[in-house]
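First chain A sits with chain B, and in the next complex the same chain sits with chain C.
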Partner chain A sequence: MQKITCESLIEKACELIENGTVSRVIGWKKGEFDYDLTPAVFANADEIKKNFIYNDFSGANFSKYLIKETRKGEGKVLVFLKPCDTYSFNQLLTEHRFDREKVYAVGIPCEGMADIAKVKAAVGDGILKITSEGDELIVENLYGDVNKVKLADVLAERCVNCKSKKHTAYDELMGEDGEILDNNRFDEVEKLENMTEDERFAFWQNELSRCIRCNACRDVCPACTCEKCVFDNPKSGVENKAIADSFEEKMFHIIRAFHVAGRCTDCGECSRVCPQNIPLHLLNRKFIKDINTFYGEYQAGEVEGSRAPLVNYTEEDIEPNDAVKREE
Partner chain B sequence: MQINNEFKPKIVAFCCNWCSYAGADLAGNNRLAYPECVNIIRVPCSCRVNPIFILRAFQRGADGVIICGCHPGDCHYTSGNYYTRRRMALLFSMLNYLGIEKERIRLEWVSAAEGAKFAATMNEFTEAVTALGENKRLEDLRCKK
Partner chain C sequence: MRKCSLNSLNAVFEKLANDSALYMPVDGDKGADYKKWEMGDELSSALNTNRSAKDFFFPQTENLMEFKVSGKEIEVIDTRDEKEDFVVFGVRACDAKSFDILDTVFLSEPCDSYYANRREHATIVTLACTRPSETCFCNVFGIDATKPTGDVTCWKTADDMYFEANNEKGKAFIEKIADLTEECDSKAVEEQQAKTKEILKKLPLADLKTEKFGKDKTAEFFDAPEWRELSTSCLGCGTCTYVCPTCQCYDIKDYDTGHGVIRFRCWDSCMYSEFTKMAHGNNRLSQLERFRQRFMHKLVYYPTNNDGVFGCVGCGRCLAKCPISMNIVKVMKALGGNDGE
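So, the complex of A and B:
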């Protein structure tokens, strides 16, 4: 269960909208089920009271929504940011993607969000209702069974390796601020690096060939904000799913990850939205890990205005031919 | 490409207009032989080489891709090759992470005065790619004849 309750967020949102501080609120609303919350924009207190939801499935990172929302209409936009969302928020500000004056950011604490795929793996399909109590989720299914799972056991991958509970940007903070955490987020990347070339190829062939090229990873990514995207170009050669072979997925995923290299805050949205459960964060983390090793520790979005490693250089940089680990 | 049952690789070389492209010219003037399978593409700066170019070269049947630019500090545009160096370090590392053979892709600094180095680099690189054989891991069947 989250430390901050849905009611307190609704109260805060209503208060700010009624006293005129903000004119719109970006929040979560119920989707078809309790676990597929949908991002939504609320324009008045009644709507908020009726539809606003915050629970263990409020994973969506709202930073990217600000780009479009701040360009519409008058007044400020209220946005609720979890600690990891504030990194994307800062990164977008660094890139001048939206007007800070038009945003009222409220930082909220986060206990980690649940991954519905893990819940389903634990209790099976046919879920009707999910409520949370203490550190447990209570799952009711359509056969009348009631199962309990610990939130800690069904945390999304990005939350298991949470990088920070500290907000890097906000106008107002609800609850308490946390600390930057030690994490083992590069463990899996290292595991892959220690495989042989053939094993790695087999691993990625298996993962990436599931890709259906829905572009959800691109659309959700707060670092992917180009208005004209290379993947929309019908002449790009990778604009649709190929039936013939696997080149397209490889090219798509290498380029997608490359385009956000050095700007990716490791928010993990790409893996969250992937309908095929491809571990896309492993591609992004490889870039982050390489950047840390080659050019020094860098966390995108930690400091507003910081210079991304790929638009910077030193005279002593590593030679590309030496960048790849030589196995003897 | 198989010719008389012998594997002949297809190599794409991206050469900077201000250094390696002139270096290739010098190699030719000096009658230094390098393999005919090397297809040179002239770019205004090694920094012009977008990662997509490299992947697309592989897609369209290249067995090896080599990028040649000015030595660090010698860039015609002051700093282009420094950016190339960072980008390519990450890209090469990523390609290898996906299981693509690391010998298929290389970056060399070749100046306009280094005709001999250009020829030697191409000979050596072609040899390494020939030893690897056909590019199977980044191929696009639609582009195969």
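So, the complex of A and C:
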């Protein structure tokens, strides 16, 4: 598959804004370094030419921004969607979270995005410049070293286990569409399932005890779109502020995982943004795996308007008692 | 100045740990974090721990007091545990400077006795940097990464660890490990400092300009049009505030246990929608206002109230951790005063 270039995206964005198809563009804005891109809304071609960037660090999923962005301004907003982003896009549409008419979606192919933490683990800190050459990243540092690292070796976890190179929604596609992939994304879940109860408890205790309740996982999550979250309500008694005890810190994440069960597309943003590097996606994947087991294969966001098994009663549904008994 | 070989550093740690709790950054599979030292733990060479060193003095959650109610009687119970002495080893220059900023807030009248208690019992042993990250910019705020403050300053070379006391507390610390260290000159340290300073000059953020910000600049920046674009993709999460070594906002709340009340304090974030919510409602309704508050506090309000001292130490944690890679450097550049803007 041809790797898409930044130039071709800039050209496309400028064309669509200049011919009036869209009035603004959601894209990645250049940062201080080559890896710290910020999601931004561009209002004209000059801004796009100056600051738009697309590279191996354009990981941010823009779907959730459409809720806010489609509520303001005249005209359509252009959004670039990688294959995995289109699942979130569809899921949000299924839940009527934004007006499809106000969006012009351009699908772009994706070869996987790099994780800067993995790059640093591989070649060290003090990075001045990162350029892409074929399937390698060339990394120059403060100390005069130039290191090469294979993109495949520094891919974000969610990209290592990429579920699909196929776009499930778009108005226009750049490059060729890919296929839904066989992947090993449930391997880690199975490892956890094979643990004893005590081991599993210890695993999550260790992971979740590091939580600082910054809520980044919730705030970035395209499935977490309540206008007012229960954890932001001072009257709820479970307001986000304190980690009162080890029970409460687990409760927050488990409640969140339950709340997005059947709606989570496994986009992996929660784990990407966690400042404490907690593998939160594993909680969601466990739910996805269970739903697949009990109700048949279901991928949230694959088809717009699909009824998720958990909100769609059929006579063949597993009895709750049988689901509980699965461990036996 | 005194030194010990790195081979005998464990003996130094053992001696210190026998005397009082000893904390230092230790590498884990998810990065470095402060940990109570035990035999076998190695001092991390990481620049930033995931969580900053402020946790030692300003923990994320702490119980302040309890109330027991029986009939019309309310009993107030002081639940604080008198802290014993402890040592925090390996604090970097940026985090060490953050203690000055926190002190200004917590130790000025009315003094926060919970914070003061922990500060009094701590000995801060800092460690000079030799391999800064591209995200480091402590020099911008006048911090010397090659000579961090603290009660004792340490320099780690290829073979030795050097120690120098900066005050009485530091001298007592040096005294404690006198048997395991030897008096030495500062030649190796000076060589290391010179070498590090050359690297510091080459840091990509080394020439970030602060002149435009500071005391009494509220009117100049409050309504700047740039805030809109800067804050447009802010998620409103609390990552920047919680990983920040100088963010010091908290909330005090009561927890009803059913047979009494626990009054606790916990970190709060100006990025949160219900931050400082009062009876009249909320004083910052949009994310733009909340975002602006955080950066104005660091760059304008804190300096205005504290003789021009900035509320940022350039540790770079927010640069590394923000989910959307928005941070104080980008804000400073966008608001002007820097080349190419």
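Annotations
Everything below uses one rule, namely that the second predicted complex is superposed on the first by the 302 of 328 C-alpha atoms of A that agree within 3 Å, B and C clash if a C-alpha of one lies under 4 Å from a C-alpha of the other, contacts with A are read in each partner's own complex, and residues count from 1 in each chain.
The definition used in the following text is that contacts are C-beta pairs under 8 Å (C-beta built on N, C-alpha and C of every residue); 3 or more make two chains touch, one makes a residue touch a chain.
Being a predicted model, the structure only gives us computed values, none of them experimental.
When both complexes are overlaid on chain A, the residue A:L181 reaches neither chain B nor chain C. Contacts of A:K250 after superposition on the shared chain: chain B is touched, whereas chain C is not. In the superposition on chain A, A:I212 contacts chain C only, with no contact to chain B.
Once the two complexes are laid over each other on the shared chain, residue contacts for A:G31 go to chain C alone; chain B is not touched.
In the overlay built on the shared chain, the residue A:D232 is in contact with chain C alone; chain B does not reach it. Touch criterion met: A:L128 reaches chain C, while chain B stays clear of it. Using the contact criterion defined above for the overlaid structures, shared-chain residue A:A40 touches chain C, although it does not reach chain B. 242, 244 are the residues of chain A that lie in the contact sets of both chain B and chain C, per the superposition on chain A.
Of all residues in chain A, only 31-33, 36-41, 60, 65, 125-128, 142-143, 210, 212-216, 218-220, 232-234, 239-244, 272-273, 275-278 touch chain C in the complex they form.
Contact residues on chain A toward chain B in their complex (touch as defined above): 192-193, 197-205, 230, 236-237, 242, 244-245, 247-248, 250-251, 254-255, 257-258, 261, 283, 286-287, 290-291, 294-295, 309-315, 317-321, 323-326. Contacts from chain C toward chain A in the complex involve residues 30-31, 33, 47, 50-51, 60-61, 131-134, 199, 202-205, 229, 232-233, 235-239, 241-243, 251, 253, 255, 264, 266-269, 272-274, 277, 319, 321, 323-327, 329-330, 333.
Against chain A, the residues of chain B that register as touching in their complex are 51-52, 55-56, 59, 72-73, 79, 82-83, 85-102, 106-108, 137-142.
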